[in-house]
Structures are given as structure tokens and as C-alpha cells.
Amino acid sequence: MCGIIGLSNVPDAARVAYLGLYALQHRGQESAGIVTVDDLGASHLARGMGLVGDIFREPDFRELDGDVGIGHARYSTAGSSVIANAQPCVANYRGGPLALAHNGNLTNAVAVKRALVAEGAIFQSSSDSEVIVHLIARSRAATPEAQIREAVSQIEGAFSLVITVGRTLYCVVDPHGFRPLVLGRLGEGIIAASETCALDLVGATLIRELGPGDFVEVIDGMVRDLPSIGRAPVSKRCVFELVYFARPDSTVFGESVDRVRRELGRRLAAEHPAPGADVVFSVPDSANMMAVGFAEVSGVKLEHGLIRNHYVGRTFINPTQALRVAKVKIKFNPVKEVIAGKSVVVVDDSLVRGTTSKGLVQMIRGAGAREVHLRLASPPITGPCHYGIDTPSRDELIAANYSIEEIAQYLGVDSLGYLSLDGMLAAAGSARTGFCHACFSGQYPIEPAGELVELATRSR
Amino acid sequence: MCGIIGLSNVPDAARVAYLGLYALQHRGQESAGIVTVDDLGASHLARGMGLVGDIFREPDFRELDGDVGIGHARYSTAGSSVIANAQPCVANYRGGPLALAHNGNLTNAVAVKRALVAEGAIFQSSSDSEVIVHLIARSRAATPEAQIREAVSQIEGAFSLVITVGRTLYCVVDPHGFRPLVLGRLGEGIIAASETCALDLVGATLIRELGPGDFVEVIDGMVRDLPSIGRAPVSKRCVFELVYFARPDSTVFGESVDRVRRELGRRLAAEHPAPGADVVFSVPDSANMMAVGFAEVSGVKLEHGLIRNHYVGRTFINPTQALRVAKVKIKFNPVKEVIAGKSVVVVDDSLVRGTTSKGLVQMIRGAGAREVHLRLASPPITGPCHYGIDTPSRDELIAANYSIEEIAQYLGVDSLGYLSLDGMLAAAGSARTGFCHACFSGQYPIEPAGELVELATRSR
Amino acid sequence: MCGIIGLSNVPDAARVAYLGLYALQHRGQESAGIVTVDDLGASHLARGMGLVGDIFREPDFRELDGDVGIGHARYSTAGSSVIANAQPCVANYRGGPLALAHNGNLTNAVAVKRALVAEGAIFQSSSDSEVIVHLIARSRAATPEAQIREAVSQIEGAFSLVITVGRTLYCVVDPHGFRPLVLGRLGEGIIAASETCALDLVGATLIRELGPGDFVEVIDGMVRDLPSIGRAPVSKRCVFELVYFARPDSTVFGESVDRVRRELGRRLAAEHPAPGADVVFSVPDSANMMAVGFAEVSGVKLEHGLIRNHYVGRTFINPTQALRVAKVKIKFNPVKEVIAGKSVVVVDDSLVRGTTSKGLVQMIRGAGAREVHLRLASPPITGPCHYGIDTPSRDELIAANYSIEEIAQYLGVDSLGYLSLDGMLAAAGSARTGFCHACFSGQYPIEPAGELVELATRSR
Amino acid sequence: MCGIIGLSNVPDAARVAYLGLYALQHRGQESAGIVTVDDLGASHLARGMGLVGDIFREPDFRELDGDVGIGHARYSTAGSSVIANAQPCVANYRGGPLALAHNGNLTNAVAVKRALVAEGAIFQSSSDSEVIVHLIARSRAATPEAQIREAVSQIEGAFSLVITVGRTLYCVVDPHGFRPLVLGRLGEGIIAASETCALDLVGATLIRELGPGDFVEVIDGMVRDLPSIGRAPVSKRCVFELVYFARPDSTVFGESVDRVRRELGRRLAAEHPAPGADVVFSVPDSANMMAVGFAEVSGVKLEHGLIRNHYVGRTFINPTQALRVAKVKIKFNPVKEVIAGKSVVVVDDSLVRGTTSKGLVQMIRGAGAREVHLRLASPPITGPCHYGIDTPSRDELIAANYSIEEIAQYLGVDSLGYLSLDGMLAAAGSARTGFCHACFSGQYPIEPAGELVELATRSR
């Protein structure tokens, strides 16, 4: 998962992109980059590993000249965390300097890459986004618009893209609209962003959200809608964006994320009440709103039972075994006064492997809880995501391998309740929107192709 | 303000100190350091600027050999943020290698330093803690215990100290007990720490909290109480530790911080209810517990109205004026669904300059609040702290210069309520404990001496 | 100009490459890189800006696994000193992982690049070496040998290449043989290097020097000669390698560099004696051997008149104008005792812009020289090099714009003597070898194509 | 050994100090530092590990404000290479900000330090120079002049000092004058430096060299001679400065270093001719001048037989044993043409452990030398230096443990000749100057006290 930003006719585009990426930091903490295009059409790139606030420095902004630009914050996925994979991707092709930032995951990247390599294409990264750049560069079409259209016709999966060719900004969303992308106005200019919270931070106003298959061209702040890509766009919005990924103060897929999460909590309480419980609290901060909704409906008293340590860094020296300090204790501390002697309801957004939750439950019991009732505001995750969420393989997904009873026993909880698929979709507003819920339901809109085993070049 | 750790007979003391400092990170983010003492009595030091998790690396722990040690996390105060001021202070004196970590602020540091300099002492830092090291080194007393006793008899103000002389650990608290220091057991060893949350993280159990004037010697994990320092210790515990500074999951001055904060919220609701309000929410995360208490007593619905950005880094590129993005927007985002059209109660722990709160109120109004009622869970701050809290000078303290009505007008709130001094002290449990509340009441237990204007040597 | 290394069947190839690059450091100080290929055919890359000894660290060698590899040390040329241009170039193409290191300069890079871009190729660097990688990747030929052959048939100019495709090492020299490349044996393995001094340092023995058009394949230390590239290789060895570039302890183009330089000095003395001079000394260290030869023939006493500062770093803080310290004084100091009151002969290898020499002459006069006679062991440089030597444009070449008399006047010397073209070639041994002497004679073996004005992407 | 600089009334003193340290870099490569004092008397410090050219950056010079200053380049000695030992030492004492840079070695540092520690002094470094700072700070004398005089009366050994107290610069040389210090004029200001080459580089003119016991005060560029320190100064100039340490273009102890080294070479040829030798060459660059002198007197042809690699960095990845590359090959390469089949005379300045020379001789033989005759332009080193030269202990000194015949056999030379003590002193001009030649003769002017075994605090 990633956060992307696109800008046209926005003075000091680099600083605005920086602020926008700051707001989208929750979508990707591995690396970040900004490309700007100046008045002459020359482009400037700065990127680095780590958090937005640590990567860019004042001198970078002096270099990053221009009122057109794109930005990208990349999610940390194991193994390929190298600068070569940091975006935006840049290239000089016959259309001039091109830059591209991609949110999502292609399902046929391997096959397309194999075909490109067979034709002599050279890849610098293991990112699937570079595939799109090659397809654009190789298109024989006459205009950048046509080149991009031809390129995206060859790829499948999830892609929300911002692209600059020279000084023109293009925004594209795949025909299923898996990932969000919104368009806003900032002064005389245009800003595209993964979520509305980025618009809020820079003071832009929302124009509209791009839907499945939408393709837009922006020149000097003037937006022109281009014909849709894909033959028949079918909405398959990622429901997990609303459940977990997006920021609660964003509006995503036409829904207030905050409102959806409260409703998830309410429906969770309705489906799985916890009669007799003394208090309900969230695993902060992702489940905060769900706990509010749960408390509303259940009448159980809302509390803060876990304190989150805000200073958990990205690097952590592992304590020796002798210390046996669970990692979960570094991240959360229980509030004994809230917990001791009580029957507590713990609300979390979802359950993946179960290891963190197991540690949390132990910690809560250690703080004296009489009973621990775990409530999850989404259904059991039974399959991986092929469209950009970094879920582990089926082997590691606890709900793909164990029954709810077994999971409850493993976690050591007195009761365990998952929100139903229908409940989740109802809360997410599916009346109006078609959602992808493959990781919960196994109904994959697009089947992925196989993995390419390639001999990597690791570089420093 | 700072966080300190002391260890004796704790294998791999450096890692334990590291974990402890991790837990105390909220007490100081400017710099951190660890000193260990190995079996031969040789000491090892590593320190750096920034967060604990960024400073120490695996190779440091290989260097930091020993089962005795102290650690320090320093608060960021403007101007003197240089590595020379990072603690622990270390020195080789005739008693051998000495290391000292200090939480608090001396009120007669200038006078003592002037006297020491007149006698030929050389200072390497502008920290007042170095004064204590000099006093120990210059004492003609025969034993480290007597040297420390003589040294602390010459200083005034707030000091909780952990000191190693060779392999012996000393813990000292000033006769007023301004700053907390607790003693715990970890296996066969002893751990001293500013707050109990550090004990919790490393898996230690609380032995007791050190009181005003307490002086303790720890050799190879064996604690020996030494006669108190100071003629007549009088408890003047810093109430602001409970109001704001300490972590809610700590027990400080015999009180659960969480419990105190809820009670502050309850009393605040009793003193300043907000009849007709639709929702109450906190300025996260410091006021979270107060909002819970407020909701309990007032019956107003508890909500999450502000989202805190967890990725706010320490360095932030200032946006140009043209962007006019308030800094407050980087840190917090309002949840429109909670706020729009509502009469809201915002609970915060305290009000210092008022600038951040003014920005928050504007933001909340911008999100559509019909009415904004600000409630502060402590009295107006009318004076600076001389004992270690980094409050600004009287000029900058809004409550020192304006009436409550004027403040309400400045902030743009519909109503403003401060908890009374009596209310705060009652919540803090003053029945049992004597508190310092000078910044609220102007009753300073010790008057500070004047400032020394010295020609600094700035070093890189 | 650059230094390159190739290795096959050499255990711990990275360390050997490192040592070899150390020996070739004089050929390029801007950046360096090493690629190794391990037993499984996976390749590993480490590269960086600066000197070989500063770039690589012990952990790099743990990463750089394998017994096959190539290395590159890049010359510092203004403007494009960025990591993106550091070599080796690496790519994953359909033949597997490919790595390439290039010494020399292509004369038709612009045209070839333009054609490649028109076909959709994407360039990551502004280096002409990347062109060759693209040509190999796009070749439809069946084998790496045929692909490389097809690729080099499309490029013109100077290129000595070491290439790995999987675990096979290829060495290629352009049909004019502008740049040197030697082949040596190291244990059971093979080492290719720009100069024999690299073989000496790692303890390898010279097998032979590769001539114009030579193409060699090395698999597991077994060398196989492939048919020559180019229709009719014509030797155009770069005479400037012998005059200036190569290390004196190398054997280049079949000649001992040391021997050639002495002979250049002898012929210089014969052509331009300095009757009445008291001492002769070199501009250290490049002209040391020439001064020895000059002294031998002229009978003038050989001396050390200039001390070179060995600690001149790459970064130097410019003194303010007020100090008016000539940069030449940072690099050289005159030995007054040798110079004062004397008529001195200063021997240098060549004269490019004349600015450094002018500073030197002033300094020597300032040290009390009665007369200064400058002798240059090569002819006037009247044109730029298109084959890899970083000479400036014609505008900046003093001998392209002024007569010898004018130059002497500008430099402030009492007499000025340049070695003749015939003299230089005779010393260089041209009886046996065809040389390129275009920068002296204007006889360019290959005319370069025009410059491509492209909109660059600058990256950090 | 170290290089020091002092400045008064020199605009932009930091840049001048930087240039001066650049010129003195040969005297110390471990660390360097600059302190300046601005118009208000505030001092500014920047220091770091490594070479002068790598430590200081443009922003440092903006910080290092002032026209008064001192600088220091520290020699690399094993074990204590830490930033804490980098000079200048700085302190705030009752006289104001004090900075001190020291060249030399105290012989009673241990005893003085022990006494200071007993009185409560705290040491931050293991450098003996800090002792002097403490003595100044503790003096009860009324003026800085008297304080410095009292301080240096308590120390023994070698010390050339530059000190600033506020804006006044003091220069002091110990009563034996072991280490050089010269005074020069630069515009309206004064510059003190270890060698005249620093004066040359910044464009200053020599006023005079400070002699044994000299004590000078400089205020705003006005020099005032103060009464000598020490009862009866007796000249014991370090002869090794002339033999090896100083730069050949400096004038040290009233002698041109270049002239002395030639004379050492001449006398060496007279004492130990090499009849029948074909060529003579130096081990570059320290013995270059000696080889010139040797050639003059012996009539043997002067040559360049060894090429020194200018890119030998300070960090070097050790090749694995399998490579068995002698370190000497990294540093020097033999010129086969000069050596092969010849009887060669190799001139070096001195012989310490013999390991490098042994490697050199092997390399020269490997290059085909028929005979190798080693000539050393100083006598056998039989004892360590206690006054600042980093000679190893007696155990490691080859001439302290073996006869000349044994040494010749160990090195593998055909003949070995050391210059006699009388010859060396005659060349050094001892008619006029009293020299210390303790490391050659065992006649130590001052006996050192014992070593203090102290428990170190190692810091990062």
C-alpha cells in the first residue's frame, strides 16, 4: 500500500507534495520521493528511505523547482526494502522526462515483465510499477495520452496512478477502482491525492473522487476528463481501506471513514454483544472509533485501557532472551486501574496472524482482567490480498487455518466475536458501492499470475 | 525534565537501561545516554542526540559491558541542545570513574558554579548537573557516600539522582522530593527509574518509591538505606507530574496517574459542567483520561473528535507563508462527523501560551462545531517552574497576563473552565502528599538565584 | 578515463577487485563499484562516490559473494558526478543478470541513444556506457557472445569493456585499441585489468595485452579467444596513456611506462636543452621520470625543487579573496634552497590550460629563481580528446589559441620548450605500435557526432 | 607529535587557521580542531576526527567567528584515538573562556594529574594537555600571564603551547625547546605556527623562531615578550624534527630542513659509500633529499626506483590471508626498469621496527635487483622518545635489540649503513644549537615518571 500525490499549477509544488505525503504517511513508511517539473519541463527528483519528515531537507526544496509534480510514500514490505524500489519511477523516453507514482499491485506484472525482458527491456528495480513505465515508453502511439492508454490496457490488478509527462499531469484509476484517488483544487492549481486528509492539510478543497476506470489530464491546473480506460469498469473498492487502512478523518469511496468505523463498531456490538462486561476499550489507535460505536450500542462503558507508546522507532534493538520482554509491551501498556478485576471487551479492527493479539491478551490478563472478550470489527481474514494490501500468505493467516473456537483458545480469550461479512458491507455503505472483499470472502475479482523466480541484483 | 534509570547486579545492564529509557522517552527526547560499569570497575559510555531508538545500535551494546549502569533521557530545551549537555555526566576523580544522571533543576546552580569556577574548576557543559559532579570530586570526605552527602548539602532545588562510583550505585532525592524516583527488583538485581512504567517494561517489580531526602546505596543488588539528606525533608511533590508529565500507566507519588487524571476530569466536570453539550472529547493523548472522567460525571457523550498524526517528526520543513498551513494541522486533524453541527466540550490538561489551543479551536470550528467549550483539568498557569518543567517565562504565560474572560475571547471559545487549585489537589491525593503547585499558585518552595551571563564556548 | 577489472574463478573476487581498483585509482577518483556473481549466478553490487578506500567496508565484502566479478573506478568529470553514473552498469535482461564496466568514450553515443529512445528504451543515467547495455539487451541474437558482438558493432569510439553475463566474463577492446586492457593469471583464475600495476598488486602474472578488436570469453578461469570485432582493426593506441595517464610501474601497449617517460625526457633535453641551467626538477610526481631523462642527457643536476602536499583532499574550503592564497600553493611548495638564485629547468609532462603552470612559475620565481625554463615532454595540445581523456574544449586549450612565444610570455618563463610530435612518438615506441595523437596533431581516427540536448532528471 | 597554530588580529582567523593546519597536516592526521574568539570575547569550537580537509565545512567557518584563534592537528597514536582527546582543549574558568593547543609530551603528567585528582579535579580526556588547563584554572595568581607561568612551572617535558584567554594569545615553549614554534606577521596580525611552511601557505612573513623558555603575549596583533619561563633554559632541540618530522620546505631550529637533509645524505655517502652501485634512490618522499645528497657525494646515479601510491587511504580492508598481499605493496611499487639487474642503493631516513623496510627490500629484490644496499641517514634508534615522537617501546625497536649485522641479515640487504651520531649532529648544525638525541644516544634530558594505570571511561 502506498500514498500518492499529483500537482499541477501549484507554486512550490515540492513543499505541497511534502505536506501531502506527511498526511499520507500512514499509507507507507518505507521510503518516499518527490519529482517536480519546472517551467522549462526539466524534472527534479529527491527520494530516500524512511519517513517523509526525515528524508527531505531544506536544500532539497531548493532543488525541487517547479509547479508540477508527483509524490509517493511507499509501504514497508519485507525483503525488497531498497532505495531502487523507492518511487516515483523516473525515465527519459522519447516523450521527454516521465515520472510515475503507483498505488496498488499489478496481478499480471510477472507475465508482462517477462514479455518486456524478452524484447530487450532492462529493469532497474523489482517494483511492478517499473513495468508500467516500460509499457508507456514502448508504446508506438503518437501522444502521451494514447501511450498511457495503451500501457494500462496491458496491465491488470490494482493501480491508482499519477504520471507526469513533461509538464502534463495524468491521473488514472484501474477499471475496478481498488484504490482511492481524489482530485482537489488548491488556488489556481490541482492536487490529486490518495485520501482527502492530504487535501485538508494543504488547504485544498475536494472536487471529486476518481471512480473505476477514470482517466484525467491536467495541464496548467486545467482538468480534462479523458475517455475511461477498460471496457466495462466494475466497482470493486477495497473494503479494507475503510476498515483499517485509511485515516479516520478522510472521506474514502464517498464515505466518511470515521462514520464507517463507528458503524462497524455498532454492528459488531449488535452481532456480538458482551453482556456483563464492565468496560470496553480499543486497541489504539486504529480501533478507537469502533470502540466508540460498540459502546454506544452495547451500553458498556467506554474506556482507555491501553496506552500506546508514541516513540516506538523503526529500529529496535532486540532484547536478549533473558529479558523475555514481549515486543507488544514496547508498543502498548495496560492501564491497570481500568482493567484490574474487570470483565473487559477489547475491540480491534481485524486479526491477521494473531501473535500481537495473543501478547495483548496476556498483558491485559497480567493487568488483572477477570474476563477478556475480544471483538473484531471485520470478518475472519481467510486469504491474501493480491491488490496491494500487505497481508501474509494463507499459511500465516490464523483464520485460514483454524476455527473461531480454536482461535479463541489460542488467544486465551473468554469470548471472540467477528463481525459478519454482511455486517461489514452494510456498515461500509455497499448499497451504493461495489466492494472487493476477497481477503474475507475468497471472491477475487482478478486472479493473479504466478511468481517469477528471478536472480536478483542486490545493490547498495 | 528528564528520565533516569539506575541498575545494579542486572546482567546486560545496557539493554535493560535501553528498554527503561524507551519507556521513559516521554520525559525527554533531546538526547540520551547510557553508562555501564563492568566487573573490573571500568565504565563505558554511549550517548547521542535524538530518540533512544535512534541513538543506540547493536555494536553499542557490545561496548557497553557490565551489570551496573545508569541511563538518562534529556528533555529538549531551546538553545542548549548540544551533545556536550547530554547525560550521564562522567568523570574520573580520585574515587575512580563516576557517572551521574540528574532529573530536576538546581535553583542555586549559578552561585555554586561561580564559587567552583573561582576555585579553578573547569566546566565542559552548561548543564547544572555538572556542578554536582564537581562538588563530589572536590569533597574532602573519605567515602563516596560522604562525598555525595557533602555535595548535595550544597545544592538547592530539584534533584533526583542516580550515581555510580565504581560499581556502587547511589540514588538520591532532594529534601522536597520534587521529582519521582522508584526502586524495583529485577531478578537478583535492582533497578531505579523515574517512573514505574520503566519497571513494567523490563519486567521488574516495584519495591518502593523514594521519598523526600531519601539516600540509598546499592552494591551488587543489595540495597542499604543511608541517613536522609537535608535537615527536615518537607514533601513538595510536583503536581504537574500527575497532571501532564508522567505516563498514565505509571504510579507516581503513590498515585496511579491514570486514576488521578480521571478524577481531575470528574472534578472538572463538577466545577465546570457544560450543560447542553452534545459530545466531549480530549486533545489526544495527554488529556484522554480527563475526558473519560469528564464524561462520567457530566453525562456528555465521550467521543474521539481529534486524530493525532503519529508520524510528526522532530524536523519539519516549514511551509512557505503562501501555504499558511497552521502547524496544528500537521499534528491534529478534526473528525468532521463528530464535530459538525455539534456543541462540543474539548478537554485539555492545561493551557500554557494558548497558541496551540487557539489553532485547535479554529480547526474545530472549521470542522463545523456549533459551540466550543474548552475545559482545562488544571488551574491557570501563572508562573514559571524553577524545578525542572520547561515552562516559558511569565511574559509568555497567557494566564499570567490575561483574565479568564480575555483568554476565552482570545481562544474564540464559547466558554472556558479551569479546574480550581483545590480541585486539582484533591484529585491528586494531597491528603497524603504535600505538593508543589508553584506554577499555579505562586507559592515557590525555594526561590531561585539570578542568571549567570557567561561567554559560552559553542562546540560541534 | 577509468580503470576496470574483470575476474573469473578467483575466490573472494570482491577483495581482489578492490585491490585491483586500489592500484588503478589514478585512472578515476570520482566513484567506484564492484559487481560479483556467486555460484548460483546471482549478482551483487556495491558502489559509491569517492575513493576506493573510502567506499568499501568489511560488510560490503560479506555481501559481495562470488568468484566472478568486475570492478570500475570512474574519473571525475564536471557536472555529471552523480551516483547514477557510477559503474558497473547492471541490468536483468533475458540472458540473466548482466554487468558491464567501460573504459573509454563512445563517439556515436548520442545517435545510438536517440535511436534506442525512439524505440522505447528508458535510460537511468547520462553515461554512454548504458547505451551498450541496452544494445546487448535488445539484440535478437541467440547467445550472449552474439549479442555482445552485435551490440559493439553498432558503437564507435573507444571502449575497453569487461562484461559478465551470468557467470561468464567477456573482455572486449574496440577496433582501434584506444584504451589498454591486459589479461593475467591469478592461481586457477583469470584477471583482466586496465594496467599491469593491478596485476602486480594482487600477485597475478601477465598473460598478454589485448589488442585492437580483441574479444575474449572466460568461463571458470578458462580463456577462449573469440573472433575479432570490427572488420579491420587498426591500432590507434592513445599516446597520452604513456605520456601522462598510466602509472609509471605499468607496462602499457607493450611498453614500460617508466622507460617511455625517461626517453621522453631524454629527447626533450636533446630537442630543447637548457644550456647554463643550474638545476632541473620535475613537477611531481607525474613528470618525475621525464626529469630523470632530461638530467641524463643535458647533464644538468637533477633536484627536488617542489614538494607535493600529500594531504590535499578532494574538498577544499575556498579561502576568501582577502587571503589571496593561490590554490597551487596548497598543492606544491617550493624548496627555496634548491631554487634561490638559480637558473632552473622545470620539467612537466604536458600543458593544458596553463593556469596551474602559471601559478607554479610565479611560486618558483617567488622562491628566488634567477631564470625559469619550462620543458614539456609532449607537444602542444591543440584539440580535445573524443576517446576518453577529459581534456577541455578547444577554447580553453592554451596551445590551440596562442603561439609558443605568447604562451611563454603568459607563463612568465625565460624559455619554453615542447617535445616534438616525432620525438614523442619515437620515445613511445611507435615503430611497433600505431598511436592516436589526435589531441596533439588534429588527426582524429573517428569524428564524433553532435551533442544531444536533453532535459535531465537530477536525482539525489 | 602535533601541529599548532595561533592567531591574533587576523580577520577570518578560522580560515587562516584551517590553511595553516593544512600545511601542518604531516604533523598529525588523527584529529584537528579550531577555536576562535570573536569581538565580544566569546569563543567557538569545531573539531573532528580525520584530516583537516575532511573535518571542516563551509558552515563551520560561519560559526567560527573572530580574529583571534588557535588550531591543532593531532598525531595518530594507537588506542586513544577518540574525539575526547582532540584539541584544542577548551574550558570556562574564572579568567573567562580559555583554549589551549599543545605540541609535545609532558614527562610528569601522571604525577601532576594524580595530585590534581586528589584535589578534586575532573578529567574529561586522557590527554596530558588537559593537565595544563587545570593548572592554569587552579592558579591563585591574579593575571592570566601569572597563571600560565605558575602552571608551566609545575610541568616537565616537551611543550610548545598556544593559549587564548579571552582575546589574548599566549605562546610558550618549554625550557629545553624540544618542539619548534615560529612567529610570523600576517597583515596587521600575528600568526604562530609549528613550522614556517604554514606561514608560507597563508602568505605570512617570519618574525622569529621562539627559543627555549620563550613566553610571548599577543594582544590585537601586538607582540610583547614576557620573561622566560624556567630558571635556566638549556637548548635541547629535537634532532628528529630535522631528520624526519618537519616538512622539507620549512625552516626549523634556524635550519633549512631541506639543506639539513641533503647534508645528512652527503655525510651518509661519505661514511658509507656504496662502491660499485649502479643507482641510488630514496624511499619516497621522506628520504628524497637525502638521496640527492648521497648521489652528489657518491657519484652514484640518482633515480626514482619506488613509486608511492598517493591514494592510500586511512582505512584499508585487509585482504584475506589467501591473497597474501604485503601491505608495503599497497603503498609502494618498484620501477622494474630502474632496478632489474642493478646493484641499488636505497636511502631511507631512519629504521624503527624494520618490518616495512624488510617488505621493501623483498619487493626490490623481486623487481630483479642484483644487490641491495640500504643506507639510513640517522643512527640506530635505541630508545623511545618521551618528548612527543611516537616511537614504540624498546622491545619493538630493532636497533635496541640487534646488532647492525643481525639487522642486515633480517632485512636481507647486501650491506647496511647507518649515519653516525656525530655525522647527524654535524649535518643538523649542532655547532649553533643544542639538540636532544636521546632516542639515538640514550642521553635523556629529562627522565619520565611512571605510568598511571587508570580505569578509563570510553565514550562514543
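Labels A, B, C and D are assigned to the chains in the order they are written; within every chain, residues are numbered from 1.
What we mean here is this: a residue touches a chain if its C-beta (ideal position, glycine included) is under 8 Å from a C-beta of that chain, and two chains touch if they have at least 3 such contacts.
Just so you know, these numbers come straight off a predicted model, no measurement behind them.
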Each chain counted as touching chain A and chain C at once: none
Chain separated most widely from chain C, comparing mean CA positions: B
Between chain C and chain D, centroid-to-centroid distance (C-alpha), Å: 36
Inter-chain centre distance, chain A versus chain D - centres from mean C-alpha coordinates, in Å: 62
Chain centre separation in whole Å, for chain D relative to chain B (CA means): 50
Interchain contacts, given as pairs of chains that touch: A-B, A-C, B-D, C-D
Residue numbers on chain C that touch chain A, as the complex places them: 35, 40-48, 60, 63, 90-94, 96-97, 99, 117-124, 133-134, 137-139, 454-460
Residue numbers on chain A that touch chain B, as the complex places them: 11-12, 15-16, 18-19, 22-23, 25-26, 29, 51-54, 56-58, 61, 197, 200-203, 247-249, 256, 258-259, 262, 285, 288-289, 292, 295, 302-304, 307-317, 319-320, 322-325, 329-330, 333-338
